[in-house]
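Both of the next two complexes hold chain A, though its partner changes from chain B to chain C.
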Partner chain A sequence: MFRFVNKLNHINSSLLINNGIRYYSSKCLVVAEHDNKDLLSSTLNTITAANKLGSDVLLLVAGNNCKSVVDKATKIKGVKTVFHADHPLLEHGLAETLSPVVVGLKERQQLTHIFTPATNFGKNFIPRVAALLDVGAVSDITSIKSDDTFTHPIYAGNAIATVKSEDAVKIGTIRTTAFEKAPVEGGSAAVEQLDWIAPLVDQAASSTNIKWEGSQVIKSERPELTGARVVVSGGRGMKSGENFKMLEELADTMGGAVGASRAAVDSGFVSNDLQVGQTGKVVAPELYIAVGISGAIQHLAGMKDSKVIVAINKDAEAPIFQVADVGLVGDLFKVVPELTEAIKKAK
Partner chain B sequence: MTSLTETRYIVKNLYKQLLYLGRISFLGVENVRNKAKPQFMANAHLTDLNEINQCIERTRYVIKEVEAMHRFHKYRTLKKAYDPEFQKINDQFDIEKFTLYNNNNNSNNNNNSKQ
Partner chain C sequence: MDDDTSDFGSFYEADNEDETNTIINMSYKVLVPVKRVIDYAVKIRVRPDKTGVETANVKMSVNPFDEIAVEEAIRMKEAGFASEVVAVSLGPKTVQETIRNSIAMGADKGIHIETGTADLQPLGVAKVLKKLAETEKPNLIILGKQAIDDDANQTAQMLAGLLNWPQATFASKIEVDKANNSVKVTREIDGGLETLSMKMPAIISCDLRLNEPRYAKLQNIMKSKKAELKVQTPQDLGVDISNKIKTISVEEPAKRSGGIKVDSVDQIVQNLKKHALI
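Here is the complex of A and B:
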């Protein structure tokens, strides 16, 4: 693997100087991803990453009527303070309304780091925060070397870049699969209400003229794709969206999630939130079953950290077999139901 | 790529590159030669520059794919060799039974992988 160090900026701030007072301790803000009822597990991974800095970990829960989230957040091990920002316009985590809150908090708390999960939520608002603070953002952090040096994948994961940020405040999104989940019990964080946010949010909403129209959420009983222990993915070989039922059944018997390759998504078999790969989600399950996927490198980049890779494909020449730990050459329409039956029987 | 002699050298060079990749990667030089040689020979008679250029472009693409696959393979091999957690799960994964380690809720998958 290549390795290089980028100098992002030239402001020297190994210690933060503010109003003549030197702050030797660092403060890391984690912006929590939640659905106003529950904390999403990606936040827990991010808290682990933040704790690796050895700094105080502060958690921002910004939402609407999200008291229950705050209660749960205070119990997470390793969190010092939970900031509770409640405003109707913060309900959906819009970048336009959330960013001024984060920026405002940075100014009041002398933050040294701002982290958030590298999910659609985080990727949405972090660039805006970075621009408002006029600093660089490090995306998809996979490990933390020191309080200003991070590694992250570049060129679709073919190389790992070690970057050093010399900005006053280090901003980054955390690749959730690279860090363990923080324990949800055993912490006792203080809660702080943020009362000053209302005018900021209102002003941001009116100046950007943004409003929430609605969303289409696909409800699923299955575990989240990025956090599942088992992922069953289908590709072009599935022939149609109907046939994905087969995979869903297989996934359900193993308590896993269903994914898809770009070929399957582009052919309209399934919706694009299932896409695994360079442009889709990055997964790292313990068992990854690739069904009818030939193994384009862009897809492999999204699942290379899977512990065990099982491939089912009728073409013995498919590249996926070169990287799979277990390969099965056969007609998936016959093999997958057999596999499902066998698992059910074994239970 | 203007003349036939010129393309001739380019093609030879590409073939060499493929063999080199075979040698350094897990694919093996024999394996690559067995696959690549018939395909190269099948197009040996081409004299139209456009067609030749198309073939050259495709070969370049394939070389990139092989390179990427090589890197991917290397990444996983190193992970399996040095990452303790990776090792643990891979060692405890039962191919016959499809069982993951410390499995309480998922996977007991019977031997479909025998085939």
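Here is the complex of A and C:
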């Protein structure tokens, strides 16, 4: 009871502040994820989270020849200023070179918050920034209760922790599926060139001696897994990579993306960037179709916030049926092609 | 501080710091931090008072990602690259089991940082590891990419920041180049894979696909039980592990309402229509 009253008081006091003079004491820096040409949609979800603080939202676009990203960023609704940091050594978003830019901005802008998407890009550099600033970090924020209180999942999503940061600057990664995308039109942010970054970036690169050698990016015509409206995932029950074609057909019928369980990735059926789960990607599509997936704790962590879950499995006892809205016990090799045809007809 | 380092010196007599720095092919040391967590297969229970997760009488194991880190370090030793693998864990006395598990797998020795029941968070852990890096002088520190309890995915990156060492997180392949004192790491990124090369000393965090950890042989498990562990406290190292992120409550996530089982594909389609999905 006591705790409840306290909570109410807290909410009231923050409302009062917000209802008085338009109170902009806080400044949230969002570090943009992009590929030097386009912003990735994860950035838009993160901007929405930042706007929940009722603070000024400042966006950092750090990259190499990334002016087209800056131009697009200025139009996003809810962004006040876009900081443009351009340097060849910022091209690949390396933690070593990006971190000093963020730290430098913190020193110049009296930031109160620093957010970035909880993607592999954000997870990679944000803890390094936090350590350089001697503050903690909150991973995978799923809701913002106030300017210092956040929730995030722990234990593979089987518990939700509410934490309060008493650090001077609150640093966190944002679970993109928990926040809507900010509109890409309607904003008119100012642009500020960061001309002071070059020596910091050069120094960081030479002192850590890090070199980017190359990448193998898997190209796909299908929508990106974490942003797809429909996800069709396969598990060990698919038996081979060849059989994933069935799931691709089903996914294409619905304009969806294809995902996989760890078992399917470990068995070499599909590449690991398709893995959904605690240690892979977290998705929350409108429809998740789990095919030949038993539903281990670690897999559920990555998909159980999907709006509707359909499970197809021959084992009636599979744990996936405990979270599925619609379950069919049957042979996937028979059911999946039938389902693809039935959906085509029903459309 | 001098007292602390001399403690280490007497304990690790074979250790020769000068060699590490001058002779490329000798005395490469790998430090592997390991964490004791609730076993990955356990269905956790949130405490009724919402202060956390029930850990009493629950099966505990080594964090799966940390086992991968230990395995990788041991393989480096077997390949003639590393000469010594040191496992370290922070926590109450029970974490000594975790360290012994690493020794049973093949680590040479262990360090236990006794923290009692303090709420350990990545920044505090990284600060302790930084101190150990300064005294132990490892060439590589290999960690798991995340612990499966707090799911933070922060410690390796924080440690790299504190030491100003290069970092390669989410590693799925590690190739050591002794001649150039460098290491090439393939990382799992969102769109596929990426390769970085770094001069050592460096920090690596392991992804699941790096390797398959071995089972310890019974004989080695027996031997590991007798292994002498170096025990220190954060105070001994002069590290403040307190943190400013306070847990207000821990609750169960919203439960999904029970679903239905259907008998035919047509019924699936009807349901999808009902939810306006097609």
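The rule we apply is simple: the second predicted complex is superposed on the first by the 321 of 347 C-alpha atoms of A that agree within 3 Å, B and C clash if a C-alpha of one lies under 4 Å from a C-alpha of the other, contacts with A are read in each partner's own complex, and residues count from 1 in each chain.
Criterion: a residue touches a chain if its C-beta (ideal position, glycine included) is under 8 Å from a C-beta of that chain, and two chains touch if they have at least 3 such contacts.
Note that this is a predicted model, so its numbers are computed, not measured.
For the composite obtained by overlaying on chain A, chain B and chain C cannot both be accommodated without a clash.
After overlaying the two complexes on the shared chain, residue contacts for A:38 are found with neither chain B nor chain C. In the overlay built on the shared chain, the residue A:338 is in contact with chain B and with chain C. In the superposition on chain A, A:107 makes contact with neither chain B nor chain C. When the two complexes are overlaid on their common chain A, residue A:255 makes contact with chain B while staying clear of chain C.
By the touch criterion stated above, A:315 is placed in contact with neither chain B nor chain C.
When the shared chain is aligned, chain C comes close enough to touch A:127, but chain B does not.
Number of chain A residues touched is higher for C, counting chain B against chain C.
Annotation: chain C segment clashing with chain B after superposition, chosen from 81-89, 117-125, 135-143 or 261-269, is 261-269.
Overlap of the chain B and chain C contact sets on chain A: residues 158, 230, 254, 286-287, 297, 304, 307-308, 310, 323, 325-326, 328-329, 335, 338-339, 342-343, 346-347. Residues 1, 158, 229-230, 254-256, 286-287, 297, 300-301, 304-305, 307-308, 310, 319, 322-323, 325-326, 328-330, 335, 338-339, 342-343, 345-347 of chain A touch chain B in their complex. Interface residues of chain A facing chain C in the complex, by the touch rule stated above, are 92, 94-96, 99, 119-121, 123-132, 134-140, 149, 153-167, 207-218, 230, 254, 262, 265-266, 271-273, 278-279, 281, 286-287, 297-298, 304, 307-310, 316, 321, 323-329, 335, 338-339, 342-343, 346-347. Here chain B touches chain A in the complex through residues 26-27, 65, 68-69, 71-73, 75-76, 79, 85-86, 89-90, 93, 95, 97-98, 100-101, 105-113, 115, going by the rule given at the top. Looking at the complex, you find that chain C touches chain A at residues 38, 40-41, 43-44, 46, 53, 65, 121-123, 126, 145-146, 148-162, 164-167, 169-170, 172, 184, 188-199, 207-209, 243-253, 256, 259-269, 271-273, 275, 277-278.
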